[in-house]
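A quick write-up on the structure given underneath.
Think of it as A, B and C in the order they're written, each chain with its own count starting at 1.
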Amino acid sequence: MSSPLLEFKDVSIVYGSKGRQVKALDSVNLRLDEGERVAFVGESGAGKTTLARCLAGLIRPQSGRILFRGKDINTLSGKALREFRKSVQIVFQDPYDAMNPHQNVREYLSIPLRFLNGMSSKAELDEACSRLLEMVGLPVELLGKLPHQLSGGQKQRVCIARALASDPKFIVADEPSSMLDASASAGVLNLFRELAVTKNMGYAVITHNIAVAAYLCDTIHVMYAGKIVESASTGNLISRPRHPYSHLLLKYAPRTLSRLDLSSSNLDLEGDIEFDPWKVRGCRFRPLCTRAVKECSLEFPTPTRDEDGQVLCYNPIVY
Amino acid sequence: MFMEVERLRVSFPSVAGLLRAVDGVSFGVAEGEVLGLAGESGCGKTTTALSLLRLVRPPGVVEGSIVFDGKDIMELNDEGLREYRWKEVSMVFQGAMSSLNPVKKVGYQLVDTILDHTRLKRQEAIRLAEAALKKVRLPEDVLERFPHQLSGGQKQRVVIAMAIALNPRLIIADEPTTALDVLTQEKILTLLRDIVRSTGSAILFISHDLSVLAKICDRIAVMYMGRILEMGRKEDVLFSPAHPYTKGLIDSNITIDKRGSLVQPVGGSPDLVVGDVRGCRFNPRCAHATPECVASEPPRLEYRGGRSVYCYHPRYVENE
Amino acid sequence: MVENPSRNVLGRLLSSRGGLAGLVMLGFLVVVAVFAGFIAPYSPYAIVAQPYLPPSLAHPFGTDGLGRDVFSQMVYGTRLSLLVGFASALGITALGMLVGLVSGYVGSHVDEALMRIVDVLLVIPSLVFMIFMVAVLGPSFVTVLSVIIGFGWPPMARMVRSQTLSLKTRGFVESSIVSGAPTWYILFRTILPNLVSLVAANGVLAVIYAIVADASLAFLGLGSSGGYSWGTVLNNAEVEGAVYHNGLVWVSVPGVAIAFTGVAITLVARALADASGSSRVLGA
């Protein structure tokens, strides 16, 4: 494939002060091409949300570079920055937080239309807003409503509409359905799948729910403690997870209820999972790992790449 | 059934009319069982739970009967309530782990909870607190820590310790695993199962997550807009749901094996019940609705195995 | 803490009993100020009777050391006191808000520089410096106003900055950023509307600060030259030895007027703060 849309080169983001430093992203290397549908799966604190906000250009990494079509995002300004924002958009996790309580739907949708698309006339804006609502399956009457008059699912759809305003090539979706009820969840996720096809768009879904990742994406990156510990196509990851953490996630993933083993099963994790991964030397997953070997306490493993994807483990599961 | 709830109604006056948060709910909890209360946000699950402890404050109005061990909870005086709350029935509130007092040591909060509900001396309360911590498998030094020094899972265990400290016969757990990661969730579920096994307490487990309920409950009741639509053994309700809403919920649940197919959401969204609403609450969204569903309350149909459905057109039930 | 989106400020104010009472009290003062010419029987400068007269029907607050009617002085003084009060509060609000927004949003060096200035201004004994500056620059309406605003804006800036910092990370602000909104839009159309109640409540409180500051300056003889404010009355009382002539009413009236204004302002500020739903609002 030609030059990638987005790239992370050794990106690190560290929070905290001396005593306890949390590496939300630890020398992450990543490549996203146009049209790709990838998921980043992991628990909270694994760095997923930080990754999402980096992709959207909201956070500056302390080290490493984030490239958009080969150019460092942080050096962009003016027209080039606008091009970036038009092409890469983000949908935030909390729809209740993502809308300005003082602006109605029309005003909210008009922001990208005005500043990214350069629209100015009222007629132009109105027409564009109506079209956007239609795209996400919402009635035009909602244009005059304030956020508190909308349901959670409706708010999330409005946020998706806002992201679509500039006809982006790529959307980053941070936990798109975790704040929504079952009624609204499936609908919003289906909307994503549909839009990707009709608008020829790629997306990166950030989620802690591997079932959602599998439902929406072709490639899955599993994150743990600031690192991408395994990358594989969805099919391969689901059937042959190689990293012990991926294996655990899949073991406890939501499955169709009739196939769920409903008898009580005790968690067979090594040790207590209440530990601080940032204080562990070597591989940060070691305290939980049933397959740890000598090398694991020395240094974090480097990636092993093959046609299946990549995995960061000294003793991956083989099939 | 040591806890029997009959025709429970909780209403709140509002500008728009009388808001019926709980609108005629009847169920029972047996000793040592885990009864799940499933439903989306706003369906009345939490309000139902609060009424069991008489925690619904005015202007909320509670009607109906709640009978625990033969005692009518609605009739208890202050003394009776003090003996009942926390000692017989306790609760893990929704989001409790985020509501721990950030400036007080965890130990203090645990001991204070015990002291609030008993007339024990501080020393005895501390002993009970230590015992409770042991039951939730937290080390004793947690007593000396502040909430921000604990992880999400640890905080949740502290809150559970508060709820079991006085060995209640029924623990109400309101979304106890919702904000937690998958692995931590599993740990908490294992813990709760152990508590049921070792102490014989029953749990009323409230959650919107069917996968979680599937792992821990014996029976499940499905609530929608203030009413119970279906109730029965977990296997019956989840494998062969009788009510169209239950089936819709199960179908719209995203699971690993559904990745290649299209998951069908339940169209529309739930509403608040204001004033008097006739007929089945679910009919605006139901594909099988007929005129009688709109006109009047669906009947309660009972099946073998303690199963009941409130529906004119139940699906997927074999023989009665 | 985000605002109650109901767009009717007056409506919110009027619906609370305290707010209503405060508005009525303020309204009374404004009426007195506007119609001073009709209400006051005499000019504040005119000598109309014997000096040091006790309160009577003709002179409800008595007369001062030169025989001027204190009541008229107070009535006319309302004008200047309120003018200085509201004008200063406006200036403090505008300047404090601007600095707070920019400082909180832009951060880094700009923020550091501005906050150092704030720190210095807060540490300086403001009254002393105000006296010094007015004495040096000569008392006039503009000088008094500038000095009061100059020392009054830091608390507002601090409060607005801290709110801005917290609002900066909210989803809707980030949404505006990724939607290409320029900085001015984010500051004034995204963040500011969510600060309005907070700013209004504290801005209203600034009025008392300004009136007291002005009264203090006037009491020390540094008030707007030729102007009559409540502080001027108090200054006269001191200079002309009111206490020795049993002019107790004369001495207390300015203080009572300021206190009355203070209560009115506080009631309104409270009502505004409550209306926004915030719990920790009243800072400055």
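FYI, contacts are C-beta pairs under 8 Å (C-beta built on N, C-alpha and C of every residue); 3 or more make two chains touch, one makes a residue touch a chain.
Worth saying up front: this structure is predicted, and the values here are computed from it rather than measured.
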Chain contact graph, described as a line, ring, star, complete graph or other shape: line
Far-end chain from chain C, centres as C-alpha averages: B
Chain A-chain C separation of Cα centroids, rounded to whole Å: 50
Euclidean distance of C-alpha centroids - chain A vs chain B, Å: 32
Geometric centre distance via CA averages, chain C-chain B, whole Å: 53
Chain A, residues touching no fewer than two other chains: none
For chain C, residues contacting two or more additional chains: none
Interfacial residue positions of chain A with respect to chain B in the complex: 43-44, 151, 153, 181-187, 189-190, 208-212, 214-215, 234, 238, 248-250, 252-260, 262, 264, 266-267, 269, 273-274, 288
Complex contacts: residues of chain B adjacent to chain A: 40-41, 151-154, 181-187, 190, 193, 208, 210-211, 214-215, 234-235, 238-239, 249-250, 252-259, 262-266, 268-270
Complex contacts: residues of chain A adjacent to chain C: 53, 56-58, 82, 85-86, 89-90, 92-94, 97-102, 108, 111-112, 115-116, 146-148, 159, 162, 165-166
For the chain C and chain A complex, residues of the former touching the latter: 2-3, 5, 7, 170-172, 174-182, 185, 190, 193-194
